[in-house]
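So the structure is just underneath, and the comments pick up after that.
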């Protein structure tokens, strides 16, 4: 996967991110589990499960999504932000973008 | 839907929640949209979309899930908590359960 | 404290809340500790402490404040919301207010 | 302020952070306002203000603290993380520390 990316001809105008190969599988597993949890919540609502149990399940999906977010954040800093600083290209913009993303998560 | 519930023979040992009929549809629509968003995030990870865009999408799914949580919370207070207080049955337990659910959301 | 409140002549137009006497002391202790922590953060900024240490301290103040919030929430439901439902007065309004307060905390 | 720091003899074993001079004043103003808000909450609890009003005030202090957190985060990335990457010193450690700090904020 990584080798492919090194060689790939970037489609002009397409910005690509960078996710470590081992994180990609980890993330996809987490996201599939999250998708299953969301379908589980749908079933709970359908079967009129006890509200508190549904709420507990939703709080757990939120935590799982935020965990995915922090893994992506780490990859982003380790690769994109780091690279832009090393090359001295767009570093300010990358740092601005990063803190804006964290603010969106915290909804500040 | 509500009429059915009033008449239903509760399965012994099964605790049922209460979700207003009109909220049920609203919640299911929101949850289906959330499921679609999660699949969208999977696709973004697969196609190595730009990390910041994936993070933005995840923050939006989290907000959508918390909105679902607050709709459920409102129904729960309006029905279950209210009823337990009106009947003078298990009110303390219901209130305890409610604040514990809010704490799980805030992760205090 | 409670006895006093039962007998007190409410100032017209003043809405009073209800905080259990034992929670009041607990809350004041927590709030004084929080005030001290905020002053500690000011000192850290002044002395140019390591950013990560300041951030850790701020995260801890946020958690302490949210804990205070959930104690107040519990007292509010146990007393005000419960009373309004028992008396059948303004229950809808109280429930609306409660869920709105939780939403403000979650910033949904 | 900055000039002083460049020249200062670091106390051995003391790690210093870096806060931009103009942010330092901004942060101190925000922290003093936050301290005042916390004292305001103490007063509200003392005078048994309406719980919902106290909760609203607490939610606003939390948001103000998280804003301070994101300003510090930005300065930290702009200076410490950037510098460690440019010098090729401890970059991995700095990035690890940064994502751990964000996780503590999100309580993932």
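Going in written order, the chains are labelled A, B, C and D, and every chain counts its residues from 1.
Going forward, a residue touches a chain if its C-beta (ideal position, glycine included) is under 8 Å from a C-beta of that chain, and two chains touch if they have at least 3 such contacts.
Only a predicted model underlies this, so the values are computations on that prediction, with no experimental measurement involved.
K.L.:
Give the pair among A-D, C-D or A-B whose set of contact pairs overlaps with that of B-C by over half, matching residues by number.
P.N.:
Equivalent contacts to B-C are found in A-D.
K.L.:
Distance between chain B and chain D based on Cα centroids, please, to the nearest Å.
P.N.:
Here chain B and chain D have centroids separated by 33 Å.
K.L.:
Let me have the rounded angstrom distance from the C-alpha centre of chain A over to the C-alpha centre of chain B, please.
P.N.:
One centre to the other, that is 23 Å.
K.L.:
What are the residue numbers in chain D that touch two or more other chains?
P.N.:
63, 66, 69, 73, 98, 105, 107
K.L.:
Chain contact topology under the given definition, line, ring, star, complete or other?
P.N.:
Basically the chains close up into a ring.
K.L.:
Touching pairs of chains, which are they?
P.N.:
Every pair of chains meeting the touch criterion: A-B, A-D, B-C, C-D.
K.L.:
Please name which positions on chain B make contact with chain C in the complex.
P.N.:
Listed in rising order, the residues are 63, 66-67, 69-70, 73-74, 77-78, 81-82, 85-86, 91-92, 95-96, 98-99, 102-103, 105-106, 108.
K.L.:
Taking the touch rule as given, give the residues of chain A at its contact with chain B in the complex, in rising order.
P.N.:
Answer in residue numbers: 5, 15-19, 24, 27-28, 31-32, 34-35, 38-39, 41-42, 45-46, 48-56, 58-59, 61-63, 65-66, 68-69, 72-73, 75-76, 80, 97-98, 101, 104-105, 107.
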